[in-house]
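So that you can tell them apart, the chains are marked A, B, C and D in the order they are listed, and the count of residues begins at 1 in each.
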């Protein structure tokens, strides 16, 4: 078969035109050892992060290690992700590394560190398309939120129940089938009835902005990486109307 | 205005998709007919969005933007977007202008940010329905021309689907009246086009915008859609084919008045036009199934320079919004065609397109490049008048259909065709005589005003 | 079950769309892979229609009927209709069966009345999500198998998108973990398929229904969609390509268990499958843009025997309902391909499809017939185990991508690819050792139950 | 260019498979002369029909010519159309011929014959796609209905007004643009308010069954040739619910 050497008339590799220049991670810790910990997180090396955390815990308090090593490292990762330098797997691996470190610190403290706030996540009843949710979970986690992960194919009542018991700052839903997303308005209605006006961020392939903004509490999520920013807004007290105004339309 | 006396192509073999004798360049670097085929996507706004200019602007911002974004996502190098005006965009010329301006800005951004080459075509709606308004002197007439002024400031290309002769055509098409088609489509339609297009070309030049072209959607397409597929019984497919041949006489007028192409996508007569005028043409076929069914989905691409979906209403599909989806499909269609060109396989590829539909029905047959060229030749050889070249085109088309045993016709359609041929033979040779005859015959047609055509 | 040790094709040059080494005939006279390409349209019911069996029956009666009618209107000789079960059709096996029966009746009518050759494919939903149910012992498992019983009575073809190994895959794909893909897709997925497909083939045989095939939609497609187009940053395209190569090891199991094809449309690994198994394959690309975007819209058609749109939600477009519209487009796509075959231009046509996408990205590159064949060859040469052939496929795929300077990769994706290659070199040769290693490594993956795979 | 001689693998000419055998028109008049008149109608020869009508009117009463020559001729045409033998133009030309004859008869009677019943037809405001309506008019006319043709681009009020003054058995609307069909529910609502529960048959490319059956009075028209049958039902007293039940769903 004949193969062309020049395909400029057939297709354009825009991805090559726009690739973001790689950049080294910045120093984020004031201290040699803690920087090592941060580096392990930035590199997404779980064992390394655990090992280093153990060592540092000889000299530093758990909260120091968390707040001046693990978290700053993760923040640096978030920055690189936001700027398009990092891809999703690097973020996930980094958060695995951070979590390994935090686990050891919590062990030492004898209590678990307090997270920013709770977010309940789920994929709609009858729907097992949960990768979008998996990404959302990982990113929220990486940004210090306490994720109540209900998994996939979750009945309406179970979601409502979880909101009642955990009273999260935000609840999310993912659906990739037009025949399952119909659960979202039902959930929103029940939450309202219970006086729980929690911002309900819905996303997933089948879910359109038009659909989500057609029921109260609904805020449309286009990309999983919006989830942390949305959670921050909810944490800072924005109600669903304010969030819809900011993220939709 | 001189009626064309020569073919742009010496033979049909010279005609190929992607290349036109007279290529046309745009400011963002697209060359229509410059060697490769360009996709053209046409979104249509959702009902309700036409309520205010604001809602309509937002609708087009998304619809047009989604198409541009999808091209970047999958790697399509070029895209033309056409907005076929709905009533409100031409009835309020500012609306059409604002939407053109907004889209031009979007396209500049995509060029700067990614290097995507895009172009915008504005197609004002011809609001002049002959039996309802005076074609040359009505508010609608003034609105249409004003809308061209507004759009030409920002659009790369302007086009229209003009309506001349429609009142007589509508009367004739459902009466098997071939003379009525000749009069309505060619004699009246051609005259109306000369009047319109001298003005459109002047407006476009003033704003250095490209005067694209016209289409006989209002008549030949109506005939084609009424003939429909294999289950319809409204109009014989043979009559629709003759109506197509006839309309080439009037559509050609746009280029004789200075229009340069890219022509209008829904002008299925464009292969004939290209053979004579050598302008880059835009065609639609299989990938415009979203807008209508036809029996020539592949063959119509055989000599095209731009490939369109005619129109798709904007809404969500699993794979994204309709405009993104159809921009992607059209882009892949032309990617294969352009690959064939660079591989040197375009002749083989073209043969596949032609053989797909050559015998699917009269339209596929007459629009095969060889037949389209012959119809064009009959036109330039009989260019005494709009009428004479239209009749010559129709006669040639009929002879070709009756002459090829592989083109099967139902007994009914064959019998009808033989009747049309007889009717045409009985018609006067001179346009003047034909006009006298017709003015009498159609004087009672609802709303027909000869003066509106300078008669 | 013996793992394939030979290629069905001596070289990629032998592979061509429309013809398969082992054609498959249906009761209404279609021969898949028998010399020409057949279109396959896939409607999806509108939300709300799933409420009762009655409403869903009515929905499919229209959606499937519109596609059949459109073929008659525009002259398409053959059509396969696939109904991909929504949850309710498999959760209530009777529903799936009733819909299959109704469609079979419609197809018999169209054959009698017009001579249209149609076939029906039923694809029960694999409700078994590994992290939620026991793959081999759950109500969902029983429902899926019962649904096959119900559908096989009326359908021409049955297929499934099986889910084995999905729990480990989901963990691995977002962690750049190539070993996890090998374990989840090949080792676990292949074992689950052997368990499922021996039963599916038995059921199909019993009702003399054709056991079509499987697809790694749940994993390789997930990776491909996450890699997305040129703007996504979820998964490197190079990893998605390796995931595709790996999945060929498990998808092939269906045919090693007696499935005969036509394979499942969304199995982009099918060109590799065809090179080894010689079964007729179904593929989807540009015309499935209605369902998702991909970077191999034309090349994926290069060796296909059936051409599909993956899925389109049923609703109105200007040109008719979506199923009518996409049946028309698919039919025209294959009409051009079939014309090329009868003209003897299929090689040139194929070259245009391949060159359209060969360098659009890793998927288009690895699925070009020459590369697909080489990946298949690596598999049969390393057929000691599901693991060994999967790793060989991935290694070969990686070598090819790194070896062709025309396949441009972003610096990031190239670096990642080199990393995956190193990781694979470091893996054990023997499947047993790899399994030991993996059982430890993935023991903490949510819901992973080795016993559910016989481990 | 290479051309195939056999395209059986590429396309199927279903139209050839199903062409209906032509059949001669039946005798419909008991009398030589009247049969000639009927034949002229069946052949769609307007002048011929007029000429013959003139002659026959010497010997026969206008009502005889109409009821035993012109109308039976037209009925035969409708039969051939229903059976798929005749195409639309033949029906139109036949009705032109019939109308020419009827005009002469009415002249002689000095009053116009009474039609079956009135039907108001229109194409929606802002929409000039009126071919569907043109066909509908022709077929209704051919079947003896009195068509009040409002033409294209007709404002809502004008349609309602026409219904008030003419009180038709049925009203029809055609729209080919989704942006214009929105006038139909408005018309239906006003008719209801005025207590005019006239079956409102809506059709045209853009108009879906779903849409038309979503508002009261609405009955969906798929093919123009349904119009006469629908008008007959309306004439025989069927209300819109009954008609929707019969023609839709």
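What we mean here is this: a residue touches a chain if its C-beta (ideal position, glycine included) is under 8 Å from a C-beta of that chain, and two chains touch if they have at least 3 such contacts.
Keep in mind that what you see is a predicted model, and the values were worked out from it rather than measured.
Counting hops only between chains that touch, chain A reaches chain D in a minimum of 2.
Centroids of chain A and chain B (each the mean of its C-alpha atoms) stand 51 Å apart.
With centres defined as mean CA coordinates, chain D is found 31 Å away from chain B.
One inter-chain figure worth recording: chain B and chain C are separated by 40 Å, centre to centre, where each centre is the mean of the chain's CA atoms. Of all residues in chain C, those that touch two or more other chains are 44, 72, 75, 230-231, 313, 318, 335, 338-339, 342-343, 351, 355-357, 360. Residue positions 2, 4, 7, 10-11, 13-14, 18 of chain D are each in touch with at least two other chains.
Chains touching one another, given as pairs, are A-B, A-C, B-C, B-D, C-D.
Those residues of chain B whose C-beta lies close enough to touch chain D in the complex are 13, 44-48, 50, 86-88, 127, 129, 131-132, 170, 174-176, 222, 226, 230-231, 233-236, 313, 347, 350-351, 354-360, 369-370, 406, 408, 410-412. The touching residues of chain B, counted against chain C in their complex, run 44, 69-70, 72-75, 228-231, 285-295, 297-298, 311-313, 317-320, 324-326, 328-329, 332-333, 335-340, 342-343, 345, 348-349, 351-353, 355-357, 360-361.
Listed in rising order, the residues of chain A touching chain C in the complex are 1-5, 7, 10-11, 13-16, 18-19, 22, 81, 84, 86-90, 92-93, 96, 126-128, 130-131, 134-135, 138, 151-153, 177-182. By the touch rule above, chain D contacts chain C in their complex via residues 2, 4, 6-14, 17-18, 205-206, 208, 210. Interface of chain C with chain D (complex): residues 35-36, 72, 75-77, 113-116, 316, 318, 335, 338-339, 341-343.
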